[in-house]
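Read through the structures below before going on.
Here chain A shows up in two complexes: once beside chain B, once beside chain C.
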Partner chain A sequence: MVEAKLNSPVRQVRQEPQALVVTLAGDVDLHRTPELQQELVRVVERRPRRIVLDLTAVQYMDSSGVASLVKLLSSTRRQNIELKLCGMAPRVKSIFEITRLDTVFDICPALKDALA
Partner chain B sequence: MIDKADSLLDAPVAPAAAAEAPPPAIAVVDLVSVLDGRPVLDGVSFDVPRGKTLVIMGPSGCGKTTLLRHLIGSMRPTRGRVELLGHNLGELAERDLEAVRRRFGILFQSGALFNSMTVAENVALPLREHTRLDAATIDVIVKMKLELVNLRAAANRMPAEISGGMKKRAGLARAIALDPEVLFYDEPSAGLDPVTSAEIDQLIIDLTDKLGVTSVVVTHEMDSAFRVADTMVMLDEGKVLRTGARQEFQLLRDGPPTGDRASDLIRQFLTGSSHGPITDRRLSGGYADDILMAAGRAGRPLWTGWR
Partner chain C sequence: MSAIPPQPIRLSLASTPAHLPIVRAGVGEIARLVGFDEKAVDAVVLAVDEAMTNIIKHAYDGRNDQPIEAAFTALSEAADGGPAGLTIVLEDRGKPVDPAAVRSRDLDDVRPGGLGVHIMGCCMDRVDYTPREGGGTRLTMTKFLRAADKPGARQPQLTGGTRG
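Moving on to the complex of A and B:
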């Protein structure tokens, strides 16, 4: 299990039987996306079969945060890694809906659904 | 560096403060703006709550454009103040004002695109200038913003190659590139066909309802105004004639004349009638004195038949 670094929205990375679960928390914005992107690269380098991004504790995500997840999706697709997002607060989900990215990502209501 | 979420958790919470309404996104307090010795704005006051849309309207020359310039900090008040996101714009140094400007976006009437750049390059410009994001991240954001305004297919076209409505949508994509907390729209529907106008209105509504953006819309288009507004301000001759919820203005528009001059003036403006206080004022205004003075200046009486 990997714990949080200062200024990174990645709070925890832990291996579950079904997937590598990455927990994000707080604001995922312009000030924190460089760290987020670096950590997501390291997550992909572990080559899990499935990555689940748990967004339950994310209060706000701006376009740079969403763009970081798009880059992650691009990377996982190239390497045949399954990617699921879960636990989106309504305001965060709205960003995906308004930019029609809810049709691009596999979005589950809760972590248990993403691990099913 | 202290994590923002942790520091919030550690901060003491005053129980009384928790129940208070959040401060408005914009507070205009007794704003006076004098240009060439003439008060263009005279004691204007109103609030815009966070996440709501205010429409500013009024007859030509009523001070709307000057008010918009004060709201974006490009003019300093003669008296009074404009608070935007908690900052008194009149007291900010230029550097601090620049930081506040990054938190709002403006959709100019013409779209105000750079003609030498493609649509995508125009949208990318604020991201390149004000962030340190890498090129790939910027490209993804630009595609997201263009998709939002339904203009992704025109990403590589030059402004000269697209219609007025597309230019306006491209201008909106650029205005929201940095995820502003407040958006100012200067005549967003002007010159657009009804469908494009309704599409722009829907975008304003979506940005407010889904993303919590606070919007200020200056417009003459009443259909558009009633579609997007939560609250409205009617300006006349530099003063606030009335401010209230959209529904209050709808009642005025749909009801009969009341005999109250202010109400009837607003009603005439909202219905676009050619009869009412606005027209009466334009038709009066010392016409007789004016024309007789002109005749006198010419050195001859106006109508020699009365001699």
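Moving on to the complex of A and C:
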């Protein structure tokens, strides 16, 4: 299990039987995406079969955060890794809807759905 | 009716991403005082965040000590029934923006970058870029306060705005 760094939105990375679960928390904006991107690169390097990003504790996300997740999606597709997002609050989901990326990502209501 | 006077609220900001959470908190409170409901407050906050992000990344190439001047003006309902709302002006002294080149990106192309202008257009009713006198860019964004945006009224969709 990997715990959080000071300014990173990544709170925890843990291996579940079905997937590598990455828990994000707080605001995901231009201030915090550089560290997020570095940590997501390390997550992909572990070559799990499935990555689940748990966004339940994310209160705010802007286009910098969305762009980081698009990079992650691109990377996981190249390596045949399944990627699921879950636990989006309405405020966070709205930015995916505005950018029409809600149809590009596999978005599940809750963590249990993403691990099913 | 707006709870803030018609004189602009002016803020002198620095181009540092570390200040974005503080800016978002302040903008949210101004939008609430103007009378927007929470969905519309979120839209105004997101638009300003995206505008600041674009200025920091593109106008100032990531330099975090450059000036950004912000002015927030509550619009009162005009005598002819014109809508009340909030106008936000952000001025930078960075690389000038070519207004003709400022457009929403093609959303069928999911590469990162360029999402900010599209988001601002969805969140606000008007978004206008003009050259700033003395160099840089002046961005003017307006969101109107419709009956449905008033607290307690039926909730509008965040995605319901039109691009100016």
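Structure notes:
Just so we're on the same page, the second predicted complex is superposed on the first by the 116 of 116 C-alpha atoms of A that agree within 3 Å, B and C clash if a C-alpha of one lies under 4 Å from a C-alpha of the other, contacts with A are read in each partner's own complex, and residues count from 1 in each chain.
Methods note: a residue touches a chain if its C-beta (ideal position, glycine included) is under 8 Å from a C-beta of that chain, and two chains touch if they have at least 3 such contacts.
Everything quoted here is computed from the prediction, not taken from an experiment.
In the overlay built on the shared chain, the residue A:Q15 is in contact with neither chain B nor chain C.
Of the two partner chains, both chain B and chain C are touched by A:I98. When both complexes are overlaid on chain A, the residue A:L30 reaches chain B and chain C alike.
Of the two partner chains, chain B and chain C are each touched by A:V70. Overlap of the chain B and chain C interfaces on chain A comprises residues 27, 30, 62-64, 66-68, 70-71, 91, 94-95, 97-101. Those residues of chain B that touch chain A in the shared complex are 1-5, 131-133, 136-137, 140-141, 144-145, 147-148, 177, 179, 206-207, 210-212. Taken in their complex, chain C has these residues touching chain A: 17-18, 20-21, 24, 42, 46, 49-50, 53, 56-57, 107, 110-113, 115-116, 118-119, 122-123, 158-159. Those residues of chain A lying in contact with chain B across their complex are 4, 6-7, 25-27, 30, 33-34, 37, 59, 62-64, 66-68, 70-71, 91, 94-95, 97-101.
By the touch rule above, chain A contacts chain C in their complex via residues 27, 29-31, 60, 62-64, 66-68, 70-71, 73-74, 91, 94-95, 97-101, 104.
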